[in-house]
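Labels run A, B, C, D, E and F following the written order; every chain starts at residue 1.
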Amino acid sequence: MSVKVSRRAHFNAAHRLYRPDWSDEKNDAIFGKCNNPHFHGHNYELVVSVTGEIDPVTGFVIDIKILKDLIKSEIEDALDHKNLNQQVPEFKKLNPTAENIAVFIWNKLRPHIESSKKLEVVLYETPRNFVTYSG
Amino acid sequence: MSVKVSRRAHFNAAHRLYRPDWSDEKNDAIFGKCNNPHFHGHNYELVVSVTGEIDPVTGFVIDIKILKDLIKSEIEDALDHKNLNQQVPEFKKLNPTAENIAVFIWNKLRPHIESSKKLEVVLYETPRNFVTYSG
Amino acid sequence: MSVKVSRRAHFNAAHRLYRPDWSDEKNDAIFGKCNNPHFHGHNYELVVSVTGEIDPVTGFVIDIKILKDLIKSEIEDALDHKNLNQQVPEFKKLNPTAENIAVFIWNKLRPHIESSKKLEVVLYETPRNFVTYSG
Amino acid sequence: MSVKVSRRAHFNAAHRLYRPDWSDEKNDAIFGKCNNPHFHGHNYELVVSVTGEIDPVTGFVIDIKILKDLIKSEIEDALDHKNLNQQVPEFKKLNPTAENIAVFIWNKLRPHIESSKKLEVVLYETPRNFVTYSG
Amino acid sequence: MSVKVSRRAHFNAAHRLYRPDWSDEKNDAIFGKCNNPHFHGHNYELVVSVTGEIDPVTGFVIDIKILKDLIKSEIEDALDHKNLNQQVPEFKKLNPTAENIAVFIWNKLRPHIESSKKLEVVLYETPRNFVTYSG
Amino acid sequence: MSVKVSRRAHFNAAHRLYRPDWSDEKNDAIFGKCNNPHFHGHNYELVVSVTGEIDPVTGFVIDIKILKDLIKSEIEDALDHKNLNQQVPEFKKLNPTAENIAVFIWNKLRPHIESSKKLEVVLYETPRNFVTYSG
């Protein structure tokens, strides 16, 4: 009996979408308002899901308290109230699009989840724009 | 790294569920209140998702601005503030159930999305009733 | 100890905004897409609130079950899955704007609520457009 | 054309997570606040999805009214306003975790859905914790 | 410049509505399913609002962090994962209706808020049923 | 018949809470993570409400299209995808707390609303933190 267990979390951050190797004109053409050099920001909503067999002893796939604490220590502490471009090393050279942030989160969490279990990350940049990554 | 990118949109429309080749009694029995010959309506909420590889240059699977404009030109302009049965040719003879509207939306969008990418449509007829179609 | 008790409900309906004594051009200029002669529709969300003293015997201001049943019999049965212009007598000559529908709902409920209690109606035409009427 | 049709429902219930064969200390260590012997409770939100071919006659995969009534008779009547541990026989010896409740719901509904159609259950214990089971 | 500052919080609890001095029949007639002697429960959502002048030095009416911590220490620690009837002394003899719980919360918070500021409590028993108390 | 008409909008922005005349230590003590000198950001949700008499000719208190366009031109164009501290002149010296932003928005809109009508602004900094200003 394989069940998917999901936990919702959130963090606030500033970012800017641009490539330093492009001209201002090209960055504006591709990234529009998201290329504001003074940055803008979002309330990111995050749903992390772990899929695996129910442990017959506890009735849990994963203790949601452990998943909550893992999201806190690995993701919220790293990203909450941060400027992603300037304060998160991985985004010094990588554009912090929702797609790339979701992959970053997945890569940070994957080593902490049992290898027999599947991991999925859904990241809402706004209530209308969101991305899903499953490895 | 395959990521699913989702965009939420909405439109308001009137519709009626019935088959002209059935008697009133049969239409009432099958479609109930939805068979009101004076029509009723909904605030349809729509989530369109495109799945594909992240472009390493931009960090995008698809520019969400392009997806937003595509939903506007292909779907909102065709359906918003319309009577589906009377003003949308495809539903002159096809019952505008949520299922059929979702397939209609998917078919309208599919030619505009790169063939290597997957397309999914979720259509909420109400916050409690919704359908998903992936081709 | 005066407390406000609120109950959320919903109904779906079709409507059209226009004045029969105006030209088509004037109706289009004022009501835009809402003047579609084939009608369009909404999932209306409704919050009805009753404010009064807590009954020390029950701990209720009003039994929420009674309020729920009242909204069902007076409002949902009258408006759900209806064409407001054609099937609700009050809107034969009165434009079914959100403002006018909220007043209509308040007037229908007021006689059923004890006169010592206050009544408020919030009506969501869409998640982004809503109105409040308190008599 | 295979479409997934989803219906949202809800019920309120009390529960306690513990194993009677464990000491109080062990139950506290594993289940924390959820092991309160006086019980606590939730507003469970439930999404039931049925996936199958659209019936070309009606335009439905499944009549949502039938699905709604099925959820009412099989799930809401069994679980709403109940103490899961004490009043639902299946949880007399089985821990009523979200995972186990989702499997219970799926097992109750499966015999009532055509075998050619797929069934999925999503159960929200809180807006931040939820599980998905598909058989 | 008087501004109202609001903070949303939540807690889960079990309760039962009944009067020990009434017969089972009378309790059932008045409180219905809420009179289940085995208890049922809710995810309560709470919005606490403080209204006052903006401090020109900080730009705050009240530091939302202080308000968050106050709700945690006074309300969540007292009510979360509790059986209200059995484990919260105030509800040993007082029916834990939403109305009475809102007044209880307001009374617990009032001494901690400057007397020049107004306090309002909104308590959602479910997404559809909620109450408001302002003293 | 006085009715309140509300329109929901949103914008994304970066900000930092601090006073340049304070030491880093004092700014950290008062503003905590919000004092990140690299900025952080939010998806601000905004509800603007106008209260007045229903125009018996149109059935409107205010044409919601006009209100929507006003919010676009006065607020979204000024704040969306901006760094509030660096790019909005009013916040060069004024701390961009939710309270101060709400007052700023109210002051920007007030001249455009008929003086006989009341204006209210609700600003959500996050889904859990929000403020209300009515002049």
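One rule holds for everything that comes next: a residue touches a chain if its C-beta (ideal position, glycine included) is under 8 Å from a C-beta of that chain, and two chains touch if they have at least 3 such contacts.
Just so you know, these numbers come straight off a predicted model, no measurement behind them.
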item: Mutual neighbours - chains that touch chain B and chain E alike; value: C, D
item: Maximum centroid distance from chain A, chain identifier (CA atoms); value: C
item: Chain at maximum distance from chain E, centres defined as averaged CA atoms; value: B
item: Chain centre separation in whole Å, for chain D relative to chain B (CA means); value: 28
item: Distance from chain F to chain D - Cα centre to Cα centre, in angstrom; value: 41
item: Two or more partner chains touched - positions in chain F; value: 127
item: Pairwise chain contacts, counting only pairs that touch as defined; value: A-B, A-D, A-F, B-C, B-D, C-E, C-F, D-E, E-F
item: Touch list for chain C against partner chain E, complex; value: 1-9, 49, 54, 57-61, 63-65
item: Sites on chain A touched by chain B in the complex; value: 17, 19, 30, 32, 94-100, 102-103, 127-133
item: Chain E - residues contacting chain D, complex; value: 10, 12-15, 33-34, 36, 38-43, 80-83, 86-87, 126-127
